[in-house]
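Both complexes below contain chain A, partnered by chain B and then by chain C.
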Partner chain A sequence: MAKIFIYPATSLILSDLVSRHGHTPLSSAVAIRERIQTAGLESLPLQITPEEPKKGLKWAAVEVPAGVRGRMSLYGPQIEQCEAAIIINDADLAFGCMGCARTNELIKFLLRQKDIPKLDLNYPKNEEEGVQFVAAIKRFLGELKKREDTK
Partner chain B sequence: MTPPVRIAQLSCGADYSGVQHEIDTAAHEVNGEIFFPDIALKDIRRDYDAFGLDVKSPDLKLAIARAKALVDGRVEADAVFIATCFRCAEAAIVRNELRRFIHENSKLPVVSYSFTERTTSGTLLTRMEALTTIARRRALLARETQQGITLGLDSGSATTKAIVMKDNKIIGTGWQPTTEVLTSAHGVIETALAEAGMTMKDIQAIGTTGYGRFLVGKDLNANLIQEELTVNSKGAVYLADRQHGPATVIDIGGMDNKAITVMDGIPGVFTMGGICAGASGRFLEMTAKRLGVDITELGPLSMKGFGGHVPMNSYCIVFGTQSLVNALAAGSTREDVAAAACHSVAEQVFEQQLQEVDIKEPVIMVGGTSLIEGLVHAMGELLQTKIVVPHHSQYIGAVGSALLASGFIKDE
Partner chain C sequence: MTDYTPTHVGTVTKYVVVESFEVTPADLAIRGYEISNGAMIKETCFGLVVNGKEEEVDRIVTELRKVDPDHIFVKDRGFPPGDSRRCRANLGGARPGYHGMEYEMTVIPYVSHGLEELKKHDAATVPAPADPLEHPALDVVTLKKLIDAQES
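For the complex of A and B:
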């Protein structure tokens, strides 16, 4: 079974799909709620200390904003250990979203740099695209499973 | 117990930078309560589109929607704190536009701040205190005349000042460099009282401000202990006789600078910078020392020179001083070097702080540095306006404290 990084990392739908196909999703266990009462859209239920942005220096230089480095301290290690990735571009806020556009650019770049199986999809705009969207993810996960089984 | 002042936080990156706890702590210390305006996902889409600023970060879209909810009255707050990551250009644009939007469309006091992971609650404390003061003490800040006999004390980072006022007139002043905080405070009080021909028994109310305000305020059993942002702006419009309508107050201090837009004597938007000493009064002190003149002589000296003749490639206090030394070694006149130093400080405040507030005339400069003519001249040139420097401008915090403290005199 593969460790799959999902983007947006907050998408419970993607996380669920990956789990149902027997793989391990690498994500943050944060649901985007209908009502937002936290600092950001995907604020974690844990207190990040000023040490996290310093750990994030491994993936982003000191002139990069602290919020980016703080996020990278969480997602950087996951990107390093992932064996596959699913990237959904321009996802709706309700599907799952990550608050900082600069972090999003960096995460997607780092994933695309890795020599691993990747599925790079646009978020569906209508029902027909929705069906194809789910089918594409299912196919990708199935192929990953076959590949793992033949190892 | 007084209910806490509810401060709405509009931010991007504060939680992931690890500074949310610092923001909460600073608010809590001044009996403020940070909250995140509760809005729905559908509000974000609608309000973000309506605002018209095309940004990519979802948390900035959230901040925009929250600002709209505050202005529309869908969420109630007493004050607004806008905070985004330092060095993020997209966030800087949003921060600036939201501050302007809230200021123009509501009466909510706003402060904006760009943080790094090194931001501490101590750094934020004066800003938070000013926010809660404006929200809680609007009636006191509306006071326009001083009554009775009051003492105002400003315990600043570089100098300590005291003022004795009686029936709306300054009758005693005291000034000395800050060394040991309480010793300096008692020294200036003694001088001010002697000049006024009074003793402490005659004083009906006391107000303190400045970095040492809590220590000195406790020692003197002061009626009013208040941060310098609201006190100085009140003192500035009082002394400049501009208590009605808009004004901008600039105070270049020994350790940090304040830029405050005021409406009818009450601050609306303010910034407080203290990151680089090259933009502070300290740099001018060092320049005066290097030129072998007293700080009081730097102003007249700089007015005789042309700053443009001296190459200044850095705003840093160390490298800036090095540039001045190099210029002197290359034959530049002391007058030109003095003018260049004044221009450097004015330009840095202009570029880094005055962009964060909307300049409204009259522009009033206060604090000890306002007595340095070259600095006032340079600021006037940059802002293309005639700067107002009121009498007793170096005592601004003490005057503001004495004025506001009179609101605490009990009827005999």
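For the complex of A and C:
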């Protein structure tokens, strides 16, 4: 069972398809759950404390806005531990403020720098593309499973 | 700053989203209550939110998927059901994160169709989708043809 980073990290479709094929999706919900289930100082609403931008320094320079570094403290450890990634390139739903936009760019950059299997896709726009979309993910995850079995 | 004492520690929460002509969230909720053993199940407009120990939630989700495997989708959630930081009952308007799910609900029928079709066909025989990173550049042969067409 491989750990697959999904982009957008909140994607219902990717999260479902990855877990359907027996792998573990790394999504933002998992990172948020860790924080809201850990005791500490109250920092509403997501329990992102002033410590998070400091942790984010591992992935973004000090002159990068704290919003990006805070977000990277969620996604950075997941990018480090992921064994593969599925990226949807036309994910308009990942749109947000400049913090979100720059973090998204940094996430994609870090994933492309990392030497792991990656699958780049667009959302399907009709039924034919839907079949190709699901088949591409199935093939990609199947190959990962074969690779794991041969190890 | 005040101390923060978390609730529902050690549990997981999952969304069960249903996009089906045959199954409604109410049907799924009844099935969920039937098989639940201590998990918290909340019915919503799009499906269910299930909270409990990881093994119990996984078991419920696996059983619920069997109701309509190609039209039921599952994903993790960070907050437990009804959490005042996320629940729209406290905030007003749609829950943060719902808009993303709402967008994907427009694409899910194509994915469901793909899942159905791949039961009949082998995935290896389906052509690969267009590579989104590929920028179709003007190749030399086409450029030469264009130049020739202009000159003639």
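Worth a mention:
FYI, the second predicted complex is superposed on the first by the 128 of 151 C-alpha atoms of A that agree within 3 Å, B and C clash if a C-alpha of one lies under 4 Å from a C-alpha of the other, contacts with A are read in each partner's own complex, and residues count from 1 in each chain.
The definition used in the following text is that a contact is a pair of C-beta atoms (placed from the backbone, for glycine too) under 8 Å apart; a residue touches a chain by one contact, two chains touch by 3 or more.
Remember, predicted model here, so these are calculated numbers, not experimental data.
When the two structures are aligned on the shared chain, A:123 is found in touch with chain C, with no touch to chain B. Looking at the shared chain after the overlay, A:81 reaches neither chain B nor chain C. After overlaying the two complexes on the shared chain, residue contacts for A:99 are found with chain B alone; chain C is out of touch.
When the two complexes are overlaid, the chain among chain B and chain C that reaches more residues of chain A is C. In the superposition on chain A, contact of A:139 is made with chain C only, not with chain B.
Common to the chain B-facing and chain C-facing surfaces of chain A are residues 32-33, 35-41, 43-44, 47, 93-94. On the chain B side of its complex with chain A, the touching residues are 9, 11-21, 36, 38-41, 44-45, 55-60, 62, 85-88, 90-91, 115-118.
Chain A meets chain C in the complex at residues 8, 10-13, 15-17, 19, 25, 27-33, 35-47, 89-90, 92-94, 120-127, 129-136, 138-139, 142. Looking at the complex, you find that chain A touches chain B at residues 32-41, 43-44, 47-54, 63-71, 93-94, 97-102, 104.
The part of chain C that touches chain A in the complex is made up of residues 1-6, 8-10, 12-13, 15, 17, 73-79, 85-86, 97, 99-101, 103-104, 107-115, 117-118, 121, 123-124, 126-133.
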